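In this document, chain identifiers A, B, C and D correspond to the written order of the chains, with residue numbering beginning at 1 in each.
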């Protein structure tokens, strides 16, 4: 058997009040894809950050090709041939796409050219790597112009650009659609065959089994074990991650809401230049409406217009009691709409504030300056949601920035649930949360909507995971090229045919 | 036109147009205003400010701020004067030494900011006290410089068309601006500065050398400040602890007026020029008017600043909307 | 055409300065001279800019109160090349070539310090025996009046070993700082303070408040000497709270305008013209007060 | 503002380091200046260097309170000194002719207008805070001088005017009670309403704040108004203390000291978490330093260097890298 390229053993890392890693070990072999699995907060990202020099371990050794290494900075790791894509997109929004890809290693003009950056080469280079993933965008435009999914692909492209020994990807697919994932996988397989060692973190079991040769499972900051993917069944994997044999699968009572519910939110010709063609849409009480589409099909834009995050320049929105255009999210919130953004880092979490304050924020903002509840009530509310959504945190007073990615996502969901909205818009709510939590979330979504007494919430559910959309929704609206491409009732379509609709060539 | 409107440098263009408007207003109202020399005087009189603003642009683009520049300028004039007049050093050696000294002072501040993870504002504020204090330790009085090289540089006039002239200081400042543009847009160092300003955490995770860049940025700013100090010494032929009071604020204002965002990451080094010229133009307008009392001078400067920034802002808003 | 004068003022940092500006503006109007006035806000570079713009405007004569003494060679040479005569007011400049300016009219800060000290010497002579402890409130560190007034004062004080400056701190020429520093002086009880020497009236006025708040009688328990002779100082003297002020006359407008006319008419003028400045002890304050224009 | 979890060790507490720095400064002063800590009763009130420090720091503390909130929203207000000059001048111009109440009301009204102006430029027009407030910084002093024609306005009557900045209550300077009241009210406002939460939210992530329904523009507007009002009150205090209005010099560079106070107290200029108590301690550190320098008889030309070294030392002692080592 070949020797591991990278070998971590006995890694310990603790933060004030939290033991994130205890005696963790991990081996990466050349020419293999290694999946790192674990529940939210298991310590995956922390391990990666230790490995790449972003955090210093409290104890433990890391060896590369048998030589001990101790990266102090990310550059050290890079120089050693370790390339990383971190969990949150960590690029500079103000720089162009091409610069983000090439920063640190710009192609230069020769000495004669003054050694300056060769911008033409930078752009060609950027286009080349992006082309590997079938992405054809203007590389000279600033990164901030693109959606999170594009940014994520740019981050991956950056890591792929330079050939390396070890490639680490922390949930790279969390906001990619299926096609993009497949393209990424093609690239990864090729790299693997070239002898690269790839460490891959994901919460999608399908992807794990499609790609990984070997799996390391982490639980509560410890290594649970290392397995060959072929030897580990899905069920066994989930059990190892969760730590106990699954309690009896909850019986999924599908109490369908009466379909005659009155529309609570209606969009009439709602559109915005450059973002969304006029859209008609209706959301009934107690209904889950799925929004499906490819990257850039305009789902996020539609959600933002419905919520007033962007102002529409045509059409209007009707809710019970009023009709018109939103000028700010405040108005939408007042009308009982909630919106959980896909970009939790920039549009969701207030990183330095505590989990409690983050959960409370929207509720408080709605009731204005007067405190909406006493400190004890706040605490109780936060604790309640922490328990209900299984948010892994030291306490409700921990800054949300110290939570793992998935747990942040849950806390943000709690923020909106706390406002008890009539309409809840969820943009990629399952992004970065683990298998178990995802199922719980989908159950929760359905439970929130489908109340027997007809008082359920109306939910607009956006996800790049088509199975999720189909599983959750009563109705699915497909967007293509920033306009509605069709609407389907539950059961009318299966995954394949929806995919066909989604990916159809635009009618001329 | 549409391309111009959509260019990210639109704000900078707005500045240029507004500046032209200011100039035409001056020319229409005051005799002698519309002469080449008045324009060139803007460069001659603000050469030192331009050099400082170029350095400041880099600091601000990197998401920091450097309040020590005015004091470093004063310290440079003082050290140079002392070395020339009292220690009788050769002028060339003095020039090299103060430039290195300025860069070292800046690097030290950058080092403290990086190593101790302190806020640039407070560190450079302390640096500002320190540099100014050191001036007074050397001498509280002003020291006249009569070294031939300095005198020559001070009084040389580089003739241009039509009897107008430029000073060597102004030429040096323009060269510095050119170099600044080159560093910002054609070197990896320059792009790392932008990255740092865009998101320091991301820059770190992208494996860019954040520490070295930060130290270098402040060293660059210190260097520019001491070069500006030399220009100032050429300009005034004296070393004095009170020189350059409040220059840091002028420089920051110039950079921000030029379209650079104070929180870092967005803007152009070239904006420093338009910012400096706007401030200089406002002053020139007031000097030509010559009827304003001290307090009206302040009010009018404030008002012109307001009009300028407001119009610039409104035009950019309109662009964003369209 | 009327004579055009470009005048670059230091700023408006004190009452004295405001009076100076007012005098010049009024005198120009009186004399039918068109005045181009530029305020430098205490910055030498602004003065240089203003002078350059005067040259560009081709004024007939340039006058200015320099912020500092040194650093004027280049721009004055430009003025000379343009054939514009330069008059200095208020303080002198150090230039290699004295022909760069025509004349200088104004006060002598060192002399003011000496005058203050001489008054104190006389007073000390009247009360022989006891040593006198002096505290000094300096002006802004590095400013010409602060340096010179200190120098002149110390020079004369040296002649009497009984006079000792026990503390000296900058009060930045302002009332607030003068008061704050004096408060701090008064808290230290190792040595008794007999005399306060303030570089300007404003600081003295601030210090008087501090002395009163400490339960002492300004002017009696502590002898107070200051410089400038602004109106507030006379009022304080009238109330017996200030002992003496050395005048630094800001009202040189009329003299300046006359000079300007002479200079432009190419009449010979003296290189150094002093303005009349007196020493006003408290005894004459009441009589003098109505005559004060500022 | 959120109540920090019970500090496991004293040094973890955010106020520990500023307090320690203050204590150390006082200790140095007490060591080198005999009688520095001495307090006595004179004329029925406390008298001594410590009281002076508190008294002198009062205007700075008021300015620092406002600056704290502005900085918490990622802003900066460099017009504080100019507002001090305007408010003081307005009060002194009016107090003789119109009486105390009108003069005070007009002064605070002027400060309010300044705040509205700043707030409008920043939140409605979207100018960068430093430029927006720079406009008032430059023009404000000019406006104040315009009111006085460049003269220093001395107030002789009524004596009640001097009470605010120079009077005593229960043996302590009135200014302290003013600071305590303003500080207390502000703290209450932050704790008992959601304002503190909103201010931090806007400072940390304005985009997310807007999406959560926070009135970001209104919050930003408010902090500038509040800051100017604090500065106005400080201006009243200063002019009442020296019984005159010095439009050119009153509050000169007070903004820098206020920002310094906020940072010394642990505030981050990048916005977010803030500590009112920390800023007050920061202001006290600055004033203690100044008073100590005076008391120790440091020659004025050396003062700046000493100040610089102390500021460096205090900053470095507060660096987060120490806590990481000890954690």
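List of remarks:
Operating definition for what follows: a contact is a pair of C-beta atoms (placed from the backbone, for glycine too) under 8 Å apart; a residue touches a chain by one contact, two chains touch by 3 or more.
Computed from a prediction, not measured in an experiment: that's the story for all the values here.
In terms of the stated touch criterion, the partners common to chain B and chain D are A, C, listed by label. In terms of the distance between Cα centroids, chain A is separated most widely from C.
Inter-chain spacing, taken between the CA centroids of chain B and chain C, is 33 Å. Per-chain CA centroids place chain A at a distance of 71 Å from chain C. Inter-chain centre distance (chain A to chain D, centres taken as mean C-alpha positions): 44 Å. For chain D, the set of residues touching two or more other chains reads 145, 150, 300-301, 303-304.
Shared interface positions of chain C, i.e. residues touching 2 or more other chains, are given as 11-12, 18, 21, 141-142. Residue positions of chain B touching 2 or more other chains, listed in rising order: 136, 140, 293-295, 297-298. In terms of inter-chain touching, the protein chains here follow a pattern that is not a line, ring, star or complete graph. Screening every pair of chains for touch gives A-B, A-D, B-C, B-D, C-D. Residue ranges of chain C in contact with chain D, taken from their complex: 11-15, 17-18, 21-22, 138, 141-142, 167-170, 172-176, 179-181, 183-185, 187-190, 202, 205-206, 209, 213-215, 232, 235. Touching chain C in their complex are the following residues of chain D: 33-36, 42-43, 47-49, 52, 56, 145, 149-152, 154, 166, 238, 241-244, 246, 248-250, 252, 290-291, 294-295, 297, 299-301, 303-304. Taken together, the chain B residues at the contact with chain C in this complex read 30-33, 35, 37-38, 41, 44-45, 48, 135-136, 140-144, 146, 151, 154-155, 232, 235-238, 240-246, 280, 283-284, 286-288, 290-295, 297-298. Partner chain B is touched in their complex by these residues of chain A: 54, 73-75, 77-78, 84, 86, 90-95, 99-100, 103-104, 106, 114, 116-117, 142, 158. Put simply, chain D touches chain B in their complex at residues 74, 78, 121, 125-132, 134-146, 150, 247, 256, 259-260, 263-264, 268-270, 300-309, 311-312, 315-316, 318-321.
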